[in-house]
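In structure tokens below, several structures.
You will see two complexes here that share chain A, one where it goes with chain B and one where it goes with chain C.
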Partner chain A sequence: MSIASSAQCLRCIGRTSLSSSRSSTWRAFSKASRQEASLNTTSSSSPPIEPTLTRQTSTPVTSTPLQTDPSESTRRQAVRKELKDPIPFEQLPYECFQEARKILQADREEKLGQIEIQRGRIARLVEQDASVSGGNVAKRKRLESMRQRLEELKILADINDPLVKKRFEDGLGDMDKPIYRHLAYKKWIAYKRKVAMQRITQMSVIPDVLPSIEPILDVDMNFDRVRVQPGNFIMSTTSERTPTFNVQSFAAGERLYTVAVIDPDIPNIDTDNFDHKCLFLATNVPISPTSPKVDVASLPDASVAHSWLPPVAQMGAPYHRISAFILRQPHGTTIDVEALKGQYPRDNLWLRDMVKKHSLRPMGVTMFRSMWDEGTDGVMERAGIEGVDMEFQRPPPEKLPYKKKPGWKFR
Partner chain B sequence: MWSKSLFSAPLRSIAGESLLRFQPCLRLLPISQVRNAAHAAEGRANGAKKGAGKRLGLKKGAEELVVPGVIIFRQRGSKWHPGENCAMGRDHTIYATEKGYVKYYRDPNRNPKKKYIGVVFERHWRLPVPVGEPRRRRLGMLAVPRESEGQVGSLSPLTPAGLDGEAAGLPGVAVAATSPEESSMGEGELAKRRRRKDYVVRESNWEIGRTAEKAGVTATKFVRKDRFRAWRRAAARHRRISETKSVGRKAKKGKQGKVKK
Partner chain C sequence: MPFQPQVSPFSTSATLLARKKERPKKDKRITELRYHLMHPQTPRPLRFGRSRYLRHWTIHRAWQLYRRQQREARERELQRLYHSMRDACEELRHMDELGNRAPLSDATPGVIEDEGGEAETREQVRARPTGKEVGRLYRKAMKKQDVWKGFPIEYARPLTDYPSRDGWNIGWKRP
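For the complex of A and B:
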């Protein structure tokens, strides 16, 4: 309840002078802009000038760059710079604030006690004989729900802590801790996941490649510096480089995943239809909340079934949807890469079959689009892909077969 | 008898002068009453008058063969919605985007209330397609060898090849296949002109549009409020027109005169 107010206090500590002398700062800024002088980040107090400031201060001014989220606003960055040496909460001279902190601390103590109790209960149930606790199935179910409650309590203990919130917003959250995973999950689900879902459904990746998906992994795809927004058109020369995946999982522990990149839009003249093609396939890739990076170039050969093949669209052909799927392997199972390679060659890899056969669970997805551009010829040449000399064209429009009009209708 | 009673002495004494005068008039008035209309006879009341029929409705029935662009249903508002391989026009007309057979169907998974019109490639196929099944698609394109084989890779629509003065001066003029202008052109330029599908060798439209820019022609900026300039131009135009008209008239007169002579 008092998170917001306390967080606000935290932000305001260092800039009381700024907010009080807002008008004078603005006057100073306008004067400075008139003189085309460089702007000072720390004196930013007007949202409209923030884009300008961001552009001007793209390189960090300080010798030791702060570990910040690049999406953080300039104003906040400026406040953070001023708050290098903040007054500890205990020493703040605000009576109401201290009273509120006492309530929050009492609540946290209570939650910690509950956690201890819950842990004890779980330990006792684990040791209990299954016949006493109503059979194996019942015991397992009960344990599961108790553990779930324990996780909830862990989050509840920390969720009202303003310092936790601050650390998360500063991008310093430790993803090994449940509270930061929880906050990151909430943030992802609020916007990024929705965008990804919209793109894959609108562009029919679902159901063309897989029948359905409920993503619970935040997947980012990068080509060096170029970050792939779901559904964007990526230049062929950019996607020629090997991508890097950032797969953020929000559940504790490491799991093995299969990464597959599928292009379902390879035109086939003979069948007058589209074929699927696998651009990349790797299995047994370990991913955990703290090690989300999957660099395609540096994956061990033992886990790569099909190395990166640059996506290309021939001249005149409709755009290709390049979809990347992160599929979770069942607990404690590894997939034989050689067998996988033999079983599923690049051409016409039907991902539905693979998912079914190996009981994989689609957990994360992203996509981009590819069209013919000036660089495509070179990419095709370098990758040894045939068809540079071919072009796709629409045939002249077909006409309906002539049908004689019924004479009795038209006298 | 009548006259007797009318002018009888006792009556006159009771009713006085006025009654005497009115008595015959009342009896002579016609027996009539006014009835106002209870129901409007014209206008909105009897239902709007129907205009000409708009020839709406079904143009292609279920399982009829259609090709891309064929109108399947004309309607006011979206009584029917476009389903598979169909699209909706500006006036809610449903038309086909693929060759196939028309299907009228409902799709409870998409919207339980809407009715859809779709086109399937095979007559026996059914709509709607079950949830999670991949779309049935058709390439509908031809693979042809790329023209201007030598220029593959160097062809860039964004970098116009330098036009010589002659070509810039005569934009959009169709030239014969072996014109001197063409023979003087480079290979790439020629190939670019010949890429057009209608075999008319001419510059592309975007190049024509850039002609003025290349020739350095600039127009004076139009100022809406500059009425003096507008008046001057209008006056000049009127003068020009009147001059040409007078020239025409003189010529005609001269001709007629000659004939007469």
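For the complex of A and C:
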């Protein structure tokens, strides 16, 4: 307590000076003396000029060194200094933190060494004759597993870096780097994928449109500002606009995809059943981790087989499930759009058939629901869809055949 | 089926709570939990700023990594001990009383290579020691007789971290 006895405690200095000054300056403060008081910065602070002073000292217009202003509290000065010239995160002076960083860095060095070794091994195996490595199949399998291990090592080298974590949480992660792709994949699989899977299975999109799917692409669908939550009801006037897809892939490299939007709930009165209809079909759409945007409106004509047709549900009909599928094309193959258009017209497009014929692989899925609302009539008129004046009704139940009551029972 | 918006509120608790008589009774466990959680002596939940959270995370990851390294080193050492023990036993199995190596039981002549890398001839293999003395030490070792000689047999089971409830029985005799 020697400090307290000899000098005043640092915490108390500001407070006592403030309270003592208040009684004198505050009361003597008048409109005439305001200008004078604001100029005399060596005097103690006065609340009315505080905002002005803060503005004066905080604007970085003048590139002079930090202005020390006695009217400013020590704490605020320290904060301003910290904001102006912050210590880099890795150099923060905490002993345990620094020791921890040493351990993590040593581990990273080790992992980098392992990556180099693995790369050398892969290069050697690539050059090796297939007969030495036990046949072509064995060699390919071994190479595949070695490359997988290499990818794992790349992730392990960076996963313990706090700055990587920070950048990812801020959404600044570079999707070209394996670690950010890995983190994004983990985040997606933890919640978003589960929700999408639940919706498409609950609403039976999965056995109805395609037999099964194991999504590995994060698909978002937007109508301008409206984001589609999987399974939501979307207003017909909203879905009239062309959608934008955000297809996040978690594997390196660019691939070509086919995008299909299918409505499997078009009522057919003749067959007393439901037909499929394709609302949108585009092929040879390049998607990579860094370019996930697919804007339906600005896709080149050469890749669009069926342009966007607004989904509509007629009055009285059950809701329509509008499902969007992202299908990966085989390596290095493009699909002829004209042929596709001829082969698969809009009506009754059977997606299973298309997937099988072109060896497509379903990779991403999302869906929304559409039902009759006030805007539907206008949407149908504008899109030239027939049946605006139609309303669906359930047929009255058939009468049961008359059956004579057994008279002996009621005698 | 046309869309029918929900008109009445989903929950009726607001109107029920207004009447004191019909207010549902709180579970006693909930009351207890709330009492202790809201108590001023209960420390507030751990809340960190961004930088501090990241530092905390860094230290946590380093600690996990360090423990993993330790565990793996221990496992490697145990593996090494086990393998050298196994090799020693294998040597004993093929050894006769003079310390010569006997042929493997399933060995075919002319196949086994000795340390020089040359295949043994049929004669050499035939000249290798055989008989009941081969592997005698191994067989004796595997019987594990008198392994616990001088130790209480109780040590043969895993020892616990805690002392016995009854204390140390100093008058214990081997039954």
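To be clear about the criterion, the second predicted complex is superposed on the first by the 309 of 411 C-alpha atoms of A that agree within 3 Å, B and C clash if a C-alpha of one lies under 4 Å from a C-alpha of the other, contacts with A are read in each partner's own complex, and residues count from 1 in each chain.
FYI, a contact is a pair of C-beta atoms (placed from the backbone, for glycine too) under 8 Å apart; a residue touches a chain by one contact, two chains touch by 3 or more.
Model, not experiment: these values are computed from the prediction.
Partners chain B and chain C fit side by side in the overlay (superposition on chain A). Once the two complexes are overlaid on the shared chain, A:A130 sits clear of chain B and of chain C alike. Between chain B and chain C, B touches the greater number of residues of chain A. Touch criterion not met for A:I117: it reaches neither chain B nor chain C. In the superposition on chain A, A:G316 makes contact with both chain B and chain C. In the superposition on chain A, A:A339 contacts neither chain B nor chain C. Once the two complexes are overlaid on the shared chain, A:A302 sits clear of chain B and of chain C alike. Applying the stated contact rule after C-alpha superposition, one finds that A:P395 touches chain B and leaves chain C untouched.
After superposing the two complexes on their shared chain, the closest approach between C-alpha atoms of chain B and chain C is 8 Å.
Chain A residues in contact with chain B (one complex) as well as with chain C (other complex) are 315-316.
Interface residues of chain A facing chain C in the complex, by the touch rule stated above, are 89, 92, 94, 96-97, 99-101, 103-104, 107, 160, 162, 165-166, 233, 315-316, 318, 371-373. Considering their complex, residues 204, 207-209, 211-212, 267-269, 272-274, 315-317, 374, 377-378, 388-395, 397-401 of chain A touch chain B. Residues of chain B that touch chain A in their complex: 65-70, 99, 131-135, 137-147, 149, 152-153, 156. By the touch criterion given at the top, residues 1-3, 50-51, 54-55, 57-59, 61-63, 65-66 of chain C touch chain A in their complex.
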